[in-house]
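What follows is a pair of complexes built around chain A, which joins chain B in one and chain C in the other.
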Partner chain A sequence: MAANERTDGSNANPTTDSDELLVLSTVTAGYGAGLILKGVDLTVRKGEIVCLIGPNGAGKSTVLKTISGLLRPKSGSVSFRSEEIGGMSSRQRLGRGIVHVPQDRSLFPGMSVWENVVMGAFILSDQALIKSRLEQVAETFPIVANRRAAMAGSLSGGEQKQVELARSLMLDPALILLDEPSIGLDPKSRTAVFASISALADSGRSVLLVEQNARSGLAVAHRAAVLEAGLVALTGSGESLLNDPEVARLYLGASAKAPVLEKLADTA
Partner chain B sequence: MHEIVQAIILGILTGGVYALMASGQTLIFGIMKVVNLAQGAFVVLGAYLTYTLFVDTGIDPFLSILITTPLMFVVGVALQWALLRPLHSDDVAQLSLLVTFAIALGIEGVLSFTYSTSLVNIQPAYANFSWTVFGYQINMVRFFAFVLSLVVLGALYLILQKTKFGRAVRATVQNPMSAQLLGVDSQRVSAFGFGLGAATAAAAGSVFGMLNAFNPGSHYDLISRLLTVVVLGGLGSIGGSVVAALVMGVAASLVSALASPIWSDFSFFVVLLLVLLLRPQGLFGARTRGAL
Partner chain C sequence: MRALLARIGVVRAVIFFLILIIVPIVGGPVWLINTLIFTIMYAALASSWNLVGGYAGYPSLGHAAFFGLGAYAIAITFNKSVDGGYVPFIVLPIVGIGAALISLPIGWVAMRTRADVFAIVTITLLFIAQTLAFNLTGVTGGAQGTSVAVAPFAVDTYDWPFYYGMVVLLAVAMGISVYFRRSKIGLSLSTVRADEEKAHGVGVRVTAVKLIAFSVSAGLVAMVGGVWAYYVGFVYPQFAIDPLITIGMVLMAFLGGRGTLWGPVLGAFIMVPAQQYFAYTFGASELYLVAYAAVFLIIMLFLPRGILPSIADRLRKRRATANAREDIIPAVDVAATEGTGVAQ
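Let's look at the complex of A and B:
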């Protein structure tokens, strides 16, 4: 049975939508001979927050890496604004407006907050543009100006996440890939991060969010997909999945198995 | 007391030159996680280039670094591109030891073939001039070698802190995946970093050749000292290797003055052993790693 047949049909065949920004079609990817993604179909539209949830090892982070260019797909298509980008380098994809904020602390600990944010515009050479972007970013994230001289390594987890988000805006990206942005944060910082994610979408950007904290991720997302064992098992609006008692039951205490797939197989 | 102060002065001046050699070594390790066993051979190659320029064309050894440094930068970039870049990243730590040792042996072979294995020395007219300051002898070549080391280390610092390339280098050292995700080409940074390491070796080679008699096999002795300095300073920390080089220079000089020159080289390894027993990450390893 193919993956798209297992979805709930709400987003089974979105390829005719003119608002599509990113379309993954039957993407396979992995390290060495092994496949982690086994035919992923996924669409992100303009101004939309899409949340990927699923158990550990399902391939959520691998999806992001395949989109940002850290990993090349073995087969299938990754298209961004109708252009095939699967064979492009990370730098080329950055230039097209795709920014990836990885899961682990991604700041440069021995650089100041300001330098870290400037690094977000590394591929740009227009100094006037960099300066104006810095001003915009500092307005959105006051920590950039308030703690500009502080070493990034000395900031708290929540502060570091704010700086990471600020840095991700330096290229004025169309699509931001966020991997577990709330991991390791205290509740207050977590709330601030999800508020920032909502604000990103409000400003017209798209966000593809991987979130282990399924409830918070689904609450903020317009749409969501459940990834299991390298396949998209379910898609739907964030709200519908949040209110789905089965998804809530399975993913608030997610196991390493593929529960939705198993359930679907049982009923097939 | 006079003897001790004189030994400390000599140690600091010598340590400055080791700092220059070791800064390139630790820069390469910081960027690529490669222990460059060819760094000593780069120094000796730089010394021979300076020797040739001095003997054949009369160019002053200090001025010759304007030629040898860019030349060795190009050699370093080419070697990285041709021999280190193709290594698979999973095996780079082990295989690079073999590759850089092979580079060292290759350089030694070419130099032996070209110059023979006899010891040579670069002897400009001012080689034996000294100043007497408050009763202490300060050798002119050693003093200018120290000043040159400060200038080159200062230039390296400015490159790393103030240029876009320098930011890319520091970013790659501190978080390679993040750097790549922001568009830093890690292969280009590695190639330029290796070139910069070779260039600092060339600058150090010019003064090494004035301070020591050398032959193509001198790199064995040098690399063991350089490894001591970079491990002592904390691998990857340029500031740490500068401090370590000064400590080692002074320690070796004091042992030489107070005990015997025979024990001077050995003191390097005694200090290293003590530091590794008491502080395995080196003097500055934990504190400054990632703060290049």
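Let's look at the complex of A and C:
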């Protein structure tokens, strides 16, 4: 527990190093009148994989939507490379290098694999650049070239996820937001997806990962945060959270005797 | 391969329009020219509707409101005199732009809804427009209607300006359709049709592109309405803003194939002559409507996605089984593949 910091405000953000790519501070957001995020603080540094875990309804996907622009924050600040992006459209944020791979299948099923990947570069108009990116991406993800003419909707879940990851690279993004990339995948595809995620970070990109499959997510992450009821309850290295008995009890399926509600009552 | 296909497309279009241009000159019975005017008119309407109903996937049922808007604009402006007879044609672009501008706020509100709700919202628009036409008697003449001054054209070739006016509008509608398909607008629209959230996700300007499709479509339909009003000479609320006009253009686009270039044209060239033929055969009884509906139902039963897409599907399946290799032609809308530039 020592390695982890309770985000009580006193010790939440000890350093403000220039490595910080994305900084969320006291972000609130929601749909309609209700608030789902109630003051989220989160930092993602360059080349870092940050994993966000938490129970259903904690607001994990909402955090990603608030960063990618599918949802605007109601208050607080979302800054990317020290620029406030909270009021920008998703298109503007794409242009700055933030790509969101949503949880549900985000490919266009009626388009081919190749066309879907090209769609990843929709906001670009430089054909030569698109072409060279396509070549790079096809090298990283062989499926793009091997199944190029196949309808995206005809691929298996694991294959589609690979194509989604490939597409997300078309803008050469600095930050990739991945929402439950392993959901609904068989173990082999899951392993392949997590290997791809590690490779993304090795190439200098940052990844903010939301994972229901907390064990795999934490294993691949440099740092992690636990989101509960719209607040970051706990942060730490992936490893330390993986070994944290409380996290293990709540999210990793180890003798879950205490109900989650009790835990929520504690933090409220 | 792609260049070849494009060339075939151009040749097809040139032949088609050459035939349309030649027909009146070669001559033919009056009924032929008359039927052709309405056929080409519906081809232009269905092609215009297709921009928003086909490519964007927003099946508007209110387009007759814009048809009526254009009709009344011409009728009211040229109520007393049409000068040499060609001025109403010359001002048509202004009518189109005006209608497109008026349609913007309407589209902005209506396109916040989707699918069936959108259809209901737009059909409401149609009835609001009709009610206004009935009640704003000072402007529209109410149920009495309003008339356009008679054009001083030679009797022998009286129909020609209207005929060629419709041909030009069809060419414009099809030209815009081609432009949409080749540009990012078409690509954007096909992502909007597939899934708006996903479209947002890849950076498509969803609202803007929907409004472009809606307003361009509305403007074109208004221009067709203007020529129609001038041709028939009298504009009444129940005929200018008629649900049958909306249904006509929608059915023809569905029949030929939504989201295709030639589908709406093909639909019009089947449905309008069929309707006229049945109306002639069955006379004054309303039975012709039954026969008309039967033609539509039979075709949709066998070719449910519309004629052109269904045929394309079958050809593709046959080719796919013939050579089950990697490089089969993808079963994707052309609108989705074109415009990406690097897709092939």
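The working rule: the second predicted complex is superposed on the first by the 240 of 268 C-alpha atoms of A that agree within 3 Å, B and C clash if a C-alpha of one lies under 4 Å from a C-alpha of the other, contacts with A are read in each partner's own complex, and residues count from 1 in each chain.
We adopt the following convention: a contact is a pair of C-beta atoms (placed from the backbone, for glycine too) under 8 Å apart; a residue touches a chain by one contact, two chains touch by 3 or more.
Fair warning: this is a prediction, and the values are worked out from it, not measured in the lab.
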item	value
When chain B and chain C are modelled together on chain A, clash or fit	clash
Contacts of A:111 with chain B and chain C, given as first, second, both or neither	both
Partner chain in contact with A:70 - chain B first, chain C second, else both or neither	both
Chain B versus chain C as contact partner of A:87, first or second or both or neither	neither
Partner chain in contact with A:149 - chain B first, chain C second, else both or neither	second
Chain C versus chain B, contacts on chain A by residue	C
Touching partner for A:134 - first (chain B), second (chain C), both, neither	second
Overlapping contact positions on chain A, where the chain C interface meets the chain B interface	68, 70, 90-91, 94-95, 100, 102, 106-111, 115, 118-120, 122-123, 151
Residues on chain C engaged by chain A in the complex (per definition of touch)	184, 187-188, 190-191, 194-195, 197-198, 200-205, 326-333, 336-337, 340-343
Contact set on chain A toward chain B in their complex	68, 70, 90-91, 94-95, 99-100, 102, 106-111, 115, 118-120, 122-123, 151, 153, 167
Residue ranges of chain B in contact with chain A within the complex	164, 167-168, 170-171, 174-175, 177-185, 288, 290-292
Footprint of chain C on chain A - complex, ascending	68, 70, 90-91, 94-95, 100, 102, 106-112, 114-115, 118-120, 122-123, 127, 130-131, 134, 146-151
